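Just so it is clear, A, B, C and D label the chains in written order, and each chain counts residues from 1 on its own.
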Amino acid sequence: MSKSTDYEPIDLIVISLAREINDSESCYTGIAIPSAVVAVQLARMTHAPNLQFFYGGYWINPDLDVDLFTIMTDTEAFVESISKAQGFSHLVQLYQYWEGPKHTLSFGIIRPAQIDQFGNINNSVIGDPHHPKFRFPGGAAAGDIINTCSRVIAYVPRHDVRTFVPEVDFITGRGSSPKWRKDVGLTDYQGIKTVVTDLAILEFHPSSGKMCVRSIHEFSTIDEVQENTGFDLEIPKDIPTTRAPTKEELDILQSKADPLSIRNFDSRNR
Amino acid sequence: MSKSTDYEPIDLIVISLAREINDSESCYTGIAIPSAVVAVQLARMTHAPNLQFFYGGYWINPDLDVDLFTIMTDTEAFVESISKAQGFSHLVQLYQYWEGPKHTLSFGIIRPAQIDQFGNINNSVIGDPHHPKFRFPGGAAAGDIINTCSRVIAYVPRHDVRTFVPEVDFITGRGSSPKWRKDVGLTDYQGIKTVVTDLAILEFHPSSGKMCVRSIHEFSTIDEVQENTGFDLEIPKDIPTTRAPTKEELDILQSKADPLSIRNFDSRNR
Amino acid sequence: MVVIGTIENLVKKVITPDIKISFGGAALFLKPMEVVREIIRQEIKDLIIYTLIGDLDIDLLLGVKAIKELHSSYVGLPMIGMARHFRKAMEKEQSVDFYEWTELSMVRAFQAGAMGTPAIMLRSLLGSDLVKLREDFEEVTYRGMKYIQVPAITPDLAIVHAYAADQNGNVFYPKHHALDEFSTLPAQCAKQLFVSVERMITNEEGRELIQQGQSTMFSSIDVDFVVEAPKGAWPSGFPPFYASDMGHIMTYSGMANMPETFDMYLREYVFGKSQEAVQ
Amino acid sequence: MVVIGTIENLVKKVITPDIKISFGGAALFLKPMEVVREIIRQEIKDLIIYTLIGDLDIDLLLGVKAIKELHSSYVGLPMIGMARHFRKAMEKEQSVDFYEWTELSMVRAFQAGAMGTPAIMLRSLLGSDLVKLREDFEEVTYRGMKYIQVPAITPDLAIVHAYAADQNGNVFYPKHHALDEFSTLPAQCAKQLFVSVERMITNEEGRELIQQGQSTMFSSIDVDFVVEAPKGAWPSGFPPFYASDMGHIMTYSGMANMPETFDMYLREYVFGKSQEAVQ
């Protein structure tokens, strides 16, 4: 890190994720990837109060004023939240928004263990799947979300060559390739559109589908980003700097959206 | 009718249906075929108090002391019955007992509009299905029950050549043919085992699968049965007479199982 | 986002010719009868209807020739008798394409639609001539066993009647619910959901219902259109609020017998009186 | 007919080697943990387990080598980190056949099992290498569209934890229920159902719960075995009664790291204390 800042990289990750969210969109977040949960609540507390979202497959638009982790882990807050949610769903109803007759969810958020230059993700294994060198926990819904939400936002808490590989060892979920999506009839679902890391924000070239740099964070350099990426990134001439967190964003993040700092689970584990 | 009795033919139909039911079996009855509903409740009120049954896809073992029609049509009885049922089901749970991982229901009861010598039933159409001469209401679950309950009991309120035909115009549900059931892998479901009419009780020969007479009612003759059947019935040498209703059966039927005489809907309509 | 409106306005806006509609309810229970009457009042035609067990809803619509294509496992007046206009439409006028399903196959096709799977295998249809009438029912073999594969049902719109809706569009169902899945099954497979309710309530009242143990039958996010229609299932029943009005249905059955008396029925019970007066 | 018994007796009677079991709950919520501990106490091995999201339940059973074949979409300790014994079993010992599903494909396979359909088509698995590892996942085309067809899951037994059961075997769920379908999905596809409950109640109390608006999660007719196990989901959570015990799960995560400390964990929390003392 070449510059010191008054926030942590994980704060910028969460804030950048939140900025990818537009008001009145619909989405789903799992409960096991902390920064995604925090980012959604931060977006709701700032610019996206009308986000339609399922939390834990149950609450629809849960309490706007309390951090979401508390709802799941504090039984009193759980009961309290029931009277403040806009509605209640059932798990099976949620799955109807993945594949079913209802409208498609606008976006989902995932955390890949490996991602390659075409946006394929691997949350399964490194090495022979039957005799793995490294076994990840598994994709859970990541593969489903890539093929059922209109777009997907990925985040990577630690940008390094272990995560950013030329070709994933195993495709848990198929990438952004527009050609493949056309061939297989999945054009309504664009795959991963954006990858937010602790060094930069990445996106995919609309026709080639290859990963390129959208912006780098104020405390990182383009060399640092390229060094920590296992393949050649497409780098624009003038590289924008990721907009730094505003004081308001940081305040709301720290005091309301994530007072228990559950986002730090993401920087500790991977 | 050659003899006068102190009961109506429909009473003997219902009582004979009830006698086909064994205690502790499991079953389903629809709510639209009155004599089936009454027969099940009569069986529960006499010799089968431990019958496991779904009523209307909702109650499991509903009130043993009230007629079932009242539960569906009297809102106070409906609410009252909730506290007396042994359990509550959901429609979709019921369908898991038709096709699903749970044990097979012991029997179902159906009312065919046409039935042939091999136990095929037609509740659909007479004539060209696209330009029917006569359109029946449709099979509802009759076809499903034949292939998903261990055995099926059929009843025919008016035994005549319009109903008992050599070959049905249209197979709404496939008959008892042991060979066909073996070929298609449905041997767990025997199809129709018994047909109770206002003249006789009929069954199917275990190997040929052809309809034969089990007993004739005390007020009918074998000639009458054969005349009103559109094909040659196998008739045993000594034809048993259907056991007449006992006084207790008649009393319970009239006073408790069906005080509103909904079984008469069956003798009025067909 | 949920649109809340009057039955007149929303029926006019949403229900158009050639629309594929699934109806909630079954067998003289929980039919969206007031919406059916409004469809007749607005003279909307060429409907494609899916209903598990059709009764007065279907017979009325067939009587005014509003249905072009019909899918059901049974159309009749349970306990009472034949559905006159259904028979007439099929036998004499041949004015409707009727597709008969078995009850289970139709339920499975609703469930397949809800899951977004295009077709589903089941066994209970084996041996039935219903399969022969349908190009889209296929006999298939999976791991050596025979099945009939039927296509999913995916209506444009489901119409169901329920108890109450709050201003967000959460739809509530009475505490001791029964028969609710006769309405949720045809609703979950449809692209949009139109709900008539006994009464509109405030969000505050909705929260109180939840506190009292009512369940949400549909969540705000699943609902598209809501109208208030007190006693909107009548003459079909809505336990525990009101029973099926068997007397009225017998009256209907008699009046449906001849065109003159059916016209009288329509004038009296569909066009003639305001909704309040009927009930 | 429902059999009500002690956890010791019924686990011994029902859970045998090579049995295919689906677990209710997911992701540190509503896992049948006391039954898992009893399986370990009785040293039952060679289990075939299906669970949507595996966590401590799976990691404990893998730690004592009780699982022979495992189906799940994810095995880890959500928020906290890797499941140590899962990694060890896969990477070093290769002592378990693990079949990774996606969450949706596993849900659809549970639903297919419940419906008695042998396989089901879905699209979200398209392009995934998970398909290549499975002979029983097939790419199929229906009406010109590509799908992956996965086989139904049909376990011999489902084990779930719930709130209360009456003497008929009706199983109740708290009024403001959440997450219940994480348990009903794996239950409805199984041939038999084993339920542990926070408390046994009388039929009279069951009726009172219904009057108060509780819903029956499973009906008597669907339930085969019932045992009482107060706080039986601990340390997974059962809102609104108790939260996931994240502190304990972190302790576990540390102690699972080495064989010696894992033995201490087992002595302390599985074998060492009576059920009451743990909670």
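Assume a residue touches a chain if its C-beta (ideal position, glycine included) is under 8 Å from a C-beta of that chain, and two chains touch if they have at least 3 such contacts.
Keep in mind that what you see is a predicted model, and the values were worked out from it rather than measured.
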Can you give the shortest number of steps from subunit A to subunit C, where adjacent chains in the path must touch? 1
Which chain has its C-alpha centroid farthest away from the centroid of subunit D? B
Distance-wise, how many Å sit between the C-alpha centres of subunit A and subunit D, to the nearest whole number? 28
Inter-chain centre distance, subunit A versus subunit B - centres from mean C-alpha coordinates, in Å: 59
In whole angstrom, how far does the Cα centroid of subunit C sit from the Cα centroid of subunit D? 37
In subunit C, the residues touching two or more other chains are 108, 111, 115-117, 122-123, 145, 176, 210
Among all residues of subunit B, which ones touch two or more of the remaining chains? 82, 95, 98-99
Could you tell me which shape the graph of touching chains takes: line, ring, star, complete or other? other
Chain-chain contacts as defined at top: A-C, A-D, B-C, B-D, C-D
If we count contacts the way the header does, which residues on subunit D are in touch with subunit B in the complex? 113-117, 154, 168-170, 188-191, 207, 210-211, 216, 219-222
For a test of understanding, state which residues of subunit D touch subunit A in their complex under the given definition. 27, 53, 72-76, 78-83, 86-87, 90-91, 94, 98, 100, 102-105, 107-108, 111, 122-130, 133, 145-146, 176, 178-182, 185, 237, 239-244, 246
What part of subunit A is in contact with subunit C in the complex they form? 26, 52, 54, 60, 82-83, 86-89, 93, 95-102
Footprint of subunit D on subunit C - complex, ascending: 108, 111, 115-123, 142-143, 145, 147, 175-176, 210, 212-215
Quick check: in the complex, which residue numbers of subunit A touch subunit D? 31-32, 34, 56-59, 72-75, 78-79, 82, 90-92, 95, 98-99, 124-125, 129, 131-135, 137-144, 146-148, 170-174, 180, 184-186, 262, 265, 269
